[in-house]
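Reading through the structure tokens given below for one structure.
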Amino acid sequence: MSKARLEAFSDGVFAVAITLLVLEIAVPGEHGDLAHEVADLWPSFAGYLVSFATIGIIWVNHHTMVHQFTRLDRATLFLNLNLLLWVVLIPWSTALIAEHLRDTDADEHFAAAIYAANFFVMGVSFFALWSHAGRAGLMDVEPRMMQQLIRRNAVGEGAYVVAIAVAWVSAEAALVICGLVAVYYIHPGPLRL
Amino acid sequence: MSKARLEAFSDGVFAVAITLLVLEIAVPGEHGDLAHEVADLWPSFAGYLVSFATIGIIWVNHHTMVHQFTRLDRATLFLNLNLLLWVVLIPWSTALIAEHLRDTDADEHFAAAIYAANFFVMGVSFFALWSHAGRAGLMDVEPRMMQQLIRRNAVGEGAYVVAIAVAWVSAEAALVICGLVAVYYIHPGPLRL
Amino acid sequence: MSKARLEAFSDGVFAVAITLLVLEIAVPGEHGDLAHEVADLWPSFAGYLVSFATIGIIWVNHHTMVHQFTRLDRATLFLNLNLLLWVVLIPWSTALIAEHLRDTDADEHFAAAIYAANFFVMGVSFFALWSHAGRAGLMDVEPRMMQQLIRRNAVGEGAYVVAIAVAWVSAEAALVICGLVAVYYIHPGPLRL
Amino acid sequence: MSKARLEAFSDGVFAVAITLLVLEIAVPGEHGDLAHEVADLWPSFAGYLVSFATIGIIWVNHHTMVHQFTRLDRATLFLNLNLLLWVVLIPWSTALIAEHLRDTDADEHFAAAIYAANFFVMGVSFFALWSHAGRAGLMDVEPRMMQQLIRRNAVGEGAYVVAIAVAWVSAEAALVICGLVAVYYIHPGPLRL
């Protein structure tokens, strides 16, 4: 399989998943003060922003990774499908946290933990893909650079683990941490664009 | 990152967002006179038309812009993601104005203002992308042409500001102004296709 | 604009619109005999089949047309957007006919007429695009072949007009006629693949 | 038509269909213990996983097949559309089995049979496409390899038939069999990547 078609399919899934995020934002009906009701949707907007940024970053980094590939093997295709499995789940976990972010009971914490866990597993899947490509010699990356990439990935994964733990104290704080990971990954790291 | 993949992802998002607009149009059930009920959906059809035209135009102009690029930097990718963030929100703000365009209270005006504001911020994001590319020397555009582009963009942004203000008087008029901006941008401006 | 990006965006819209058709088919809940309820969904399946075939055919013919283009102008882009405007509406009109195909009152006829009218306007939009390209010299097609194309298009448009009229007598017959038009267009006509 | 555009359109449909699967997973509201309610969604997650894997595999194998093509004919396009017709239906049949997997009556069995039948017909459609390409000389495949492909396809189809039968005894077992078919197809078979 050519890199071109792997990218085309992955880009398609990224594009659809990032756009489906909008379906999670409710459209308030004709009962009450609309300005107030739209303001009450802030958890939806916050979730939309963090999830959009995260999928966007993953898309950028996915390209950066595939760009390094000199060839593909079949395991790469399935590890890539595994990554997409978790990316496609994000609209669901975003809807879940948005729906429950203002709950006053344990549900709020559970929803935030699920949300951060979705990102964590996605990050691990991304790393598994990268790691396989490195071990199987599918790409030309210097050992030193590979170590930097691993360290960089560990920062993101570690932050997501912290977010899962923090979720049980403050769902809002967990969401903020997930957003900060996206900000962190804006920096390109050792691999230049 | 190649221009090709930036375009592929952006085209994917534009294509999904423009198609999701259709989900905003309700399918009347079996209670009453269907012809009457479909006619009552005119705000949905009007919103569909204006939003479809606007996303379509933005897609055309996005291509025209990217076509000028001689190279990309990482900031471009994130400014492009920022633009897409507002494009993807359009199905939501379209559903909002369609739902409330026949309200008789302040909700109608608020919904129309949100709708025009979505377009305004999208226009500003588009300009930020263009402006960054100009300053960072990512494209070959003559200074004179750049000034024309800025003036042209200012017309659109100005019209959206007017639409936001007019929305508080007449939501329908605000929608018409947004539609007129789309018509205005059909003309290619200084950059030929 | 390159033909490649026009095709990429159009293909994206065709792909999303054809896939959104599935959302129109209801998922029966836990109240009653499921086999019976799924069988009762036959109008949804019939609409799904006819609309899927029609969008599929339009996609094939769209490619055949764009393949003839030797260059593009800006009017082509907007006539193409106009075509897509009506393609994207098909999931809505399909849901409308599926919802009302078993009504016993005038709603059934109205829904079927809207459905056929959607296809008719889409066909006219397709022809407008082709016709503009021919007049503007954007493609190399012999006059004789152009006449065959016009005749062929007239057959489809005529059949859709008949379907709109027949809808007021039998909604099911109108749906069948729309399906037959898709079958008719399977034959490539004068332009070989 | 170029292989490139056939792939682009098919990839678009695969990408949208695989992503729409997420819409089938309900977002529990504010009534009860969220952890419990999310756990109760296991049929949705199981269906999501099996359907995602199946569409993913079909996408990989679709590429492997198209890669062998040396030319296309018009029948290929329509056989490909027929394949996509059944792929696009998968989000619906997945929602159906997820909704009914915990029913205690015949509905559970009927839903699982429909689900497996969807996969069976998709597999037959895939084989029809491959078979036509072989007979029409559209690809270069040795007779021996073709026989291996037929045997391999027969295994999958046979397993789906078993799943349809088993569905009437245990819906869960039918789902597991469908999942095992996906695992089976991870192996590339005679055609290397």
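Each chain gets a letter, A, B, C and D, in the order it is written, and its residues are counted from 1.
In this section, contacts are C-beta pairs under 8 Å (C-beta built on N, C-alpha and C of every residue); 3 or more make two chains touch, one makes a residue touch a chain.
Everything numeric in this text was worked out from a predicted model, so none of it was measured.
How far, in degrees, do you have to turn subunit C to put its CA atoms on top of subunit D, rounded to the nearest 5?
90
Tell me whether subunit B and subunit C, two copies of the same sequence, contact each other through the same residue numbers or different ones, using over half shared as the line for same.
different
Just grab the chain with the largest centre-to-centre distance to subunit D, centres being mean Cα coordinates.
That would be chain B.
Hey, how far is the Cα centre of subunit C from the one of subunit D, in Å?
About 26 Å separates the centre of subunit C from that of subunit D.
Where the centres are mean C-alpha positions, what is the separation of subunit A from subunit D, in Å?
Computed value for the inter-centroid distance: 26 Å.
Counting only Cα atoms for the centres, state how far subunit A is from subunit C in Å.
37
Please output the residue numbers of subunit D that touch at least 2 other chains, ranges allowed.
Only 8, 12, 15-16, 20, 23 qualify.
Quick check on the complex: what are the subunit B residues that touch subunit A?
Against subunit A, the touching part of subunit B is residues 1, 5, 8-9, 12-13, 15-17, 20, 23, 72-74, 77-78, 81, 84-85, 88-89, 91-92, 95-96, 99-100, 103, 106-107, 110-111, 114.
Sort out for me which residues of subunit D touch subunit A in the complex.
Touch list, subunit D to subunit A: 7-8, 11-12, 14-16, 18-23, 25, 27-30, 33-35, 38, 48-49, 52-53, 56, 59-60, 63-64, 67, 186, 188, 193.
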